[in-house]
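Next come the structures, one after another.
In what follows, chain A forms one complex with chain B and a second complex with chain C.
Then we have the complex of A and B:
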C-alpha cells in the first residue's frame, strides 16, 4: 500500500485510483461551493485560499529548508504593491502583473537568501525581521506608493472579463491557489525538494553529499518569496485597498502561526493550517457576537479592559496557540492527522 | 550641527544600548533572541502609566511598581512557558518568544486600546541645556545618566556578586554549572527578571519621547537587535557599545544623507554586520562544530 517499488512511483503526484477519485471530487466540490454558499463564506474562502498560498510558501522555507523567516509580511507587501502599481502605472494585465510582482518578490527573496548562507537560527531571524520592517518603512515613506495613506487596487479583469464580485474573485483566487498547492507538492517530490529537506536535516551533511548550498538556500528563499508575492497580489484585490500598516511585523508572526498550526514540513498541513487559522481569525474578529461567551467578554471588558480593544483578543489567542502547540504538539494539525490515521489503520490494536 | 547630531545620537543610543543589554542577557543564558522583549517593556511601561494616571500614585512609586511588575512578568514567562518546552531547538524557542510577543501585545491593546497616551515624566523633553554649541534636553540627559548608572551596576553585579558569577557560569556551561551546585533553572528565572526590568527601564525612558501605545516598542525592538548584532550577541559591553554606535550612525545618516530613510539604517547595519562579521564587532568569532 505505502510501499514504493520504483522511482516513478515515488515522484508521481497521486499514487492510486482512490486518490484520483477523491481528487476529482475535491475539484468538483471547490467548483460548486461558491454557488451554494452565502457571499460571506465566499469571501472567507478567498481569504483562506490566499493564506494557504502564503502558508505553503513559508512552509517551504521554514518547514522544508529549516530557515526561519520573520519578514514574510515584506514579501507579501512587495507582491501586493507590485501588482497594484504595475497595473495602475504601467497598465499591465492582471495575470502578468501578478507574476511580475511575485518575481520581484522572489528577487528580493534571493537577495535576502544571500546573507542567510552564513547565518542560522537566531541571526537569520533577526535579519529577516529587519527586512520585513524595512520594506514597510520604505513603502510608507515613498510618495509613489501612496505613502502612509495607501493605494486603491485598480479594477480587476481576467482575460478581458471584468471581475467585480467575491464570486468572480473566488474563481481567480481559488484556481491560482489550487495550482500553487499542486506545484508545491510536485516541487517537494523532485530533486529540488529533496535538496531542501537535506539542508534542513543537516546543511553540512548535505553539502558533503553534493548539494549546492548557495544555489538551494537562495532558491528556497526565492520560491518562498514567490509564493508569498502571489498571495500578496491576490490579497490586494481581496481588500481593494492596501496601506503599509497592513503589512506589519504582527502579520509575519501570523504567517508563522499558520505554518506551526498546520505542521512544519507538510503541504497538506499547510493547507489545513491556512484554512483553520483564517477561519479562526475571521471568527475572532466578531467574538462579541458569540452567544454566551460574547456577553461575558463584553462585561469583562467594560469592567477591566476596554470594549474597543476587544478584537485584539485574537492576538492573545494566536499567541497562546503558538506557545502551546510548540510545547505540546510540535507537528501541529498534520501530526494530529497522522496519529488519527494510524489509529484507524491499526484499529483495534 | 555635527556635535548636535552626535549628542542626540548618544542619547538615543543609550536607549538602544539598554534594550540590547536586556536581549543579550537572555541570549547568553537561554541561547534565544527574545522577540517578546519589546512587548514586555511596553506592557511594563503601561503599568507605570496606569499606576500614575489611573491610581494617582507618585511618579517614584509607579516607576518602582512597573519595575517590580516587569521582573515578575519575566519570571512568569520563563517559569510557565519556556521551561515547559521539552528539549527545545532554536526554532521552537524563537516561536515561543514570538508567542509571548503576540500575547502581551494583545493584552495591552485589549486593556488600553490603540489610543496614544502621555506618560507624564518628571523630567521635561523641552527644557534644554547648552553644551558648547549644541543643546540637549533634560530628558535625554536623564536617559544618558540612567543608562550609565545601570551599566555600571550590571558590571558590578557580574563582577562581584555571587548570583552574577553563577549567571556567568551558567552562560558558559549549564551542565558544569549544575554539577557545581548552581541551580540553573533558578538562575534562568533571575536572568529573565533582570532582562525584563532593564527592558522596562528603556520603555519608560522612551515613552515620553515617543507616544505610548501598543506599538511603542516594535521599532525599538529592531534597533535593540541591530545594536546587539553590531556589538556582538555574546558580549554585554559589545552590545552596549553597539547601541551607542547605532544611535550615532543613525542620527548622522538622518542629518547628512536622508531623514526619510533613517529607519532602514538599522536593517542595513544588521545585514552588513551579518555578512562581514557575523559574531559582531566586539565578540570573538566562534566556529561551529559538526
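Then we have the complex of A and C:
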C-alpha cells in the first residue's frame, strides 16, 4: 500500500511519480493530438471538451449537492448569448466576455437556487424545467438577440491571436476545459465541496454542523451555472452561429444523461460521460453509413415512423444505451472504471 | 445570582393539538453532564431539536452563555458552539470518516469557492488550512480509536463505529455544549464501556458540557451529574441521579402503575 507522510498528500492531485508520468503523458497527448488527427476529430474533441465542462457543472449540482435541474440548457444559452453579445455589442475581449457571461449565468443560477430551498425532487425538476424553457422563449422574442433567427458569433481572437480554425479553437477550448476539470476536482476536495456533499447525504446533519443551507444550496446552483455558462460561451464559437432552438429542452435532458451515464458524484466520471456521450451522439448521426444494418435501419424508420427519418433511429439507440447502462451499472462509466481498476490490481486472482 | 452556562426556560412546542414539550425548564452548569430521561415519546429528542434549531419552540426561551439563542437557524447555533449527535445516525454516508470529521471543522475553516478551486501548491492558503485541520481531526481519530475506519466510507461501517464517527464529528466542531442523543443505542456492552470512558474524557479533558439522552439507566446513573426525568412532555423531577432514580413518579413512568417495584435499572 501507499504510505502517506503528511496531510497534503491526502488532497494533492498527483501523489506519486507514476501518476506524474501519466499526467504529463496525458498533457502531451492532448497537445499533439490535433496536429495528427483529421479536422473532423478535432471538431469532435472541441465538442467533447464543451460537454465535459457542462457535465461537470451539472454534476456539481445533481451528483454532489443532490439537487436536480432540467433547465441547464437555459444557463448554456445565457453563456452562449452572453459571450456573443458582450463581444459584438460592447466589444469585450473574448476571455473577459466569456467569464462575464458565465458570471451572468451564475447570477441566474443563484436566482433559480432560491426556490430550490423549498422545493425538492420532482417539484424542483419542474421549476428548473420552466426556467430553461423561459430563457429560450425570452431570447427568441428579443430583437437585440436576433430573435428566432439567431446571431452569428463574432470573429474569435485569443490575446490578440486570431482563432479561425478548429485547431485554434481546440487549444482555447481544451485548455479551458482542462483547467475547469482540475478546478472542480480541487473544489470537491476542500471545504465548499464537502459542504455540498454533506447537504446531499444529510441536510439536517449538515446544518447542525454549521453549514448554511441557504448559502450553499444557492452557491451550488451558481457554481453549476457558471460552468455551464462557460461551456455555452465556447459552444457559440464551435457552431459559429446560435439560435434559440439550439438550446431546447432536450438539450437539458441530454446534459442530465451525460451526468448519469458518467457517474453521479464523480468528476472523472463526468469527464468520461462528456466524452463518450458526445462521441456516441455524433457517431449516431452517421448511422446510415453503417455497413449492412445502416440501410435497413433507415428504411425501417421511413416505413414505420415519422418522416424525420434518421433522428428517429439515433434517438432510440441513444435511449437504449442509456437504459442499459443505468440498469447494469448504476454508477455509470465511473463504476466500470472502478471495477476495471480493482480487476487489474488483484489480477490474476 | 450566578448565571447558568446553559438554560432552558418554560420551553413549549406543540404539533397540531399535541403538546410535545410542555413547560420544560432546566439549567446546566459548566462542565456538567446533564441527562434527560423518560419513556419513548416523552419529548426528549424534541427538546434537542429545539435547542439545535431544527424546531422553533412555540414559547419559552433557550439561553446559552447569557445569550438568547431561541429560534436561531441551526447553522447559527452551531457557530455558537453547540454540536449534537442524532438518535438515528445522520452521517454523510458517502464520505469517508476523515471527510465526515473534516465537515465538523466547517465553521472553523474559511476556504471559499475560488481559493478552494485553485489550490495547486502545498503552500497555497487552502492547502495549508486543509492540512492544519486534518491534523486536528487526526487527534479526534486517535482519541476515539477510529484509525481503522479513517479512510472508509462511513456507510459501510458497523453501527457502533458509525455512532462513534458521529460523536467524533460533533467533537470536531470544538463544541462548548455537546448534545448526545442516545449515544449507546445499538452498541454492545464492551462498546458501551468504552463510550462511558470517552464521555468522561470529553467532560474532563476537553471541558465540554454535555447534555445526554440515554435509555441505559446504569450508564445514566454512573456518569450524570444531574438528571431530568420527563413524561408526556412534562417534567417530573430534576435532581442528582440517586434521587431521580427513586422518585415514585419516575418508576411509574417507566414501569406502569402497580407497586412492588424493586429497582428501575
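Rule of thumb we're sticking to: the second predicted complex is superposed on the first by the 327 of 349 C-alpha atoms of A that agree within 3 Å, B and C clash if a C-alpha of one lies under 4 Å from a C-alpha of the other, contacts with A are read in each partner's own complex, and residues count from 1 in each chain.
Assume a residue touches a chain if its C-beta (ideal position, glycine included) is under 8 Å from a C-beta of that chain, and two chains touch if they have at least 3 such contacts.
Here the structure is a predicted model, which is why all the values come from computation and not from measurement.
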item: Touching partner for A:81 - first (chain B), second (chain C), both, neither; value: neither
item: Touching partner for A:204 - first (chain B), second (chain C), both, neither; value: both
item: Touched partner set for A:138, first chain B, second chain C, both or neither; value: first
item: Which superposed partner A:316 touches (first chain B, second chain C, both, neither); value: first
item: Partner chain in contact with A:326 - chain B first, chain C second, else both or neither; value: first
item: Touched partner set for A:212, first chain B, second chain C, both or neither; value: second
item: Chain B versus chain C as contact partner of A:250, first or second or both or neither; value: first
item: Touching partner for A:301 - first (chain B), second (chain C), both, neither; value: first
item: Chain A positions touched by chain B in one structure and by chain C in the second; value: 204
item: List of chain A residues in touch with chain B within their complex; value: 62, 66, 68, 70, 114-115, 118-119, 121-123, 125-127, 129-131, 133-134, 137-138, 141, 204, 248-250, 253, 256-257, 260, 301, 304-306, 308-310, 312-323, 326-327, 330
item: Chain A to chain C touching residues, read off their complex; value: 6-8, 10-13, 182-184, 186-187, 189-195, 197-198, 200-202, 204-213, 219, 223, 265
item: Residues of chain B that touch chain A when the two form their complex; value: 27, 31-33, 35, 81, 84-86, 88, 90-92, 94-96, 98-107, 109-114, 218-219, 222, 225-226, 229, 233, 260-261, 263-264, 266-268, 270-271, 274-275, 278, 290
item: For the chain C and chain A complex, residues of the former touching the latter; value: 52-54, 73-75, 77-79, 83-84, 86, 90-95, 98-99, 102-104, 106-107, 109-113, 116-120, 122, 126-127, 129-131, 134-135, 138, 169-170, 173
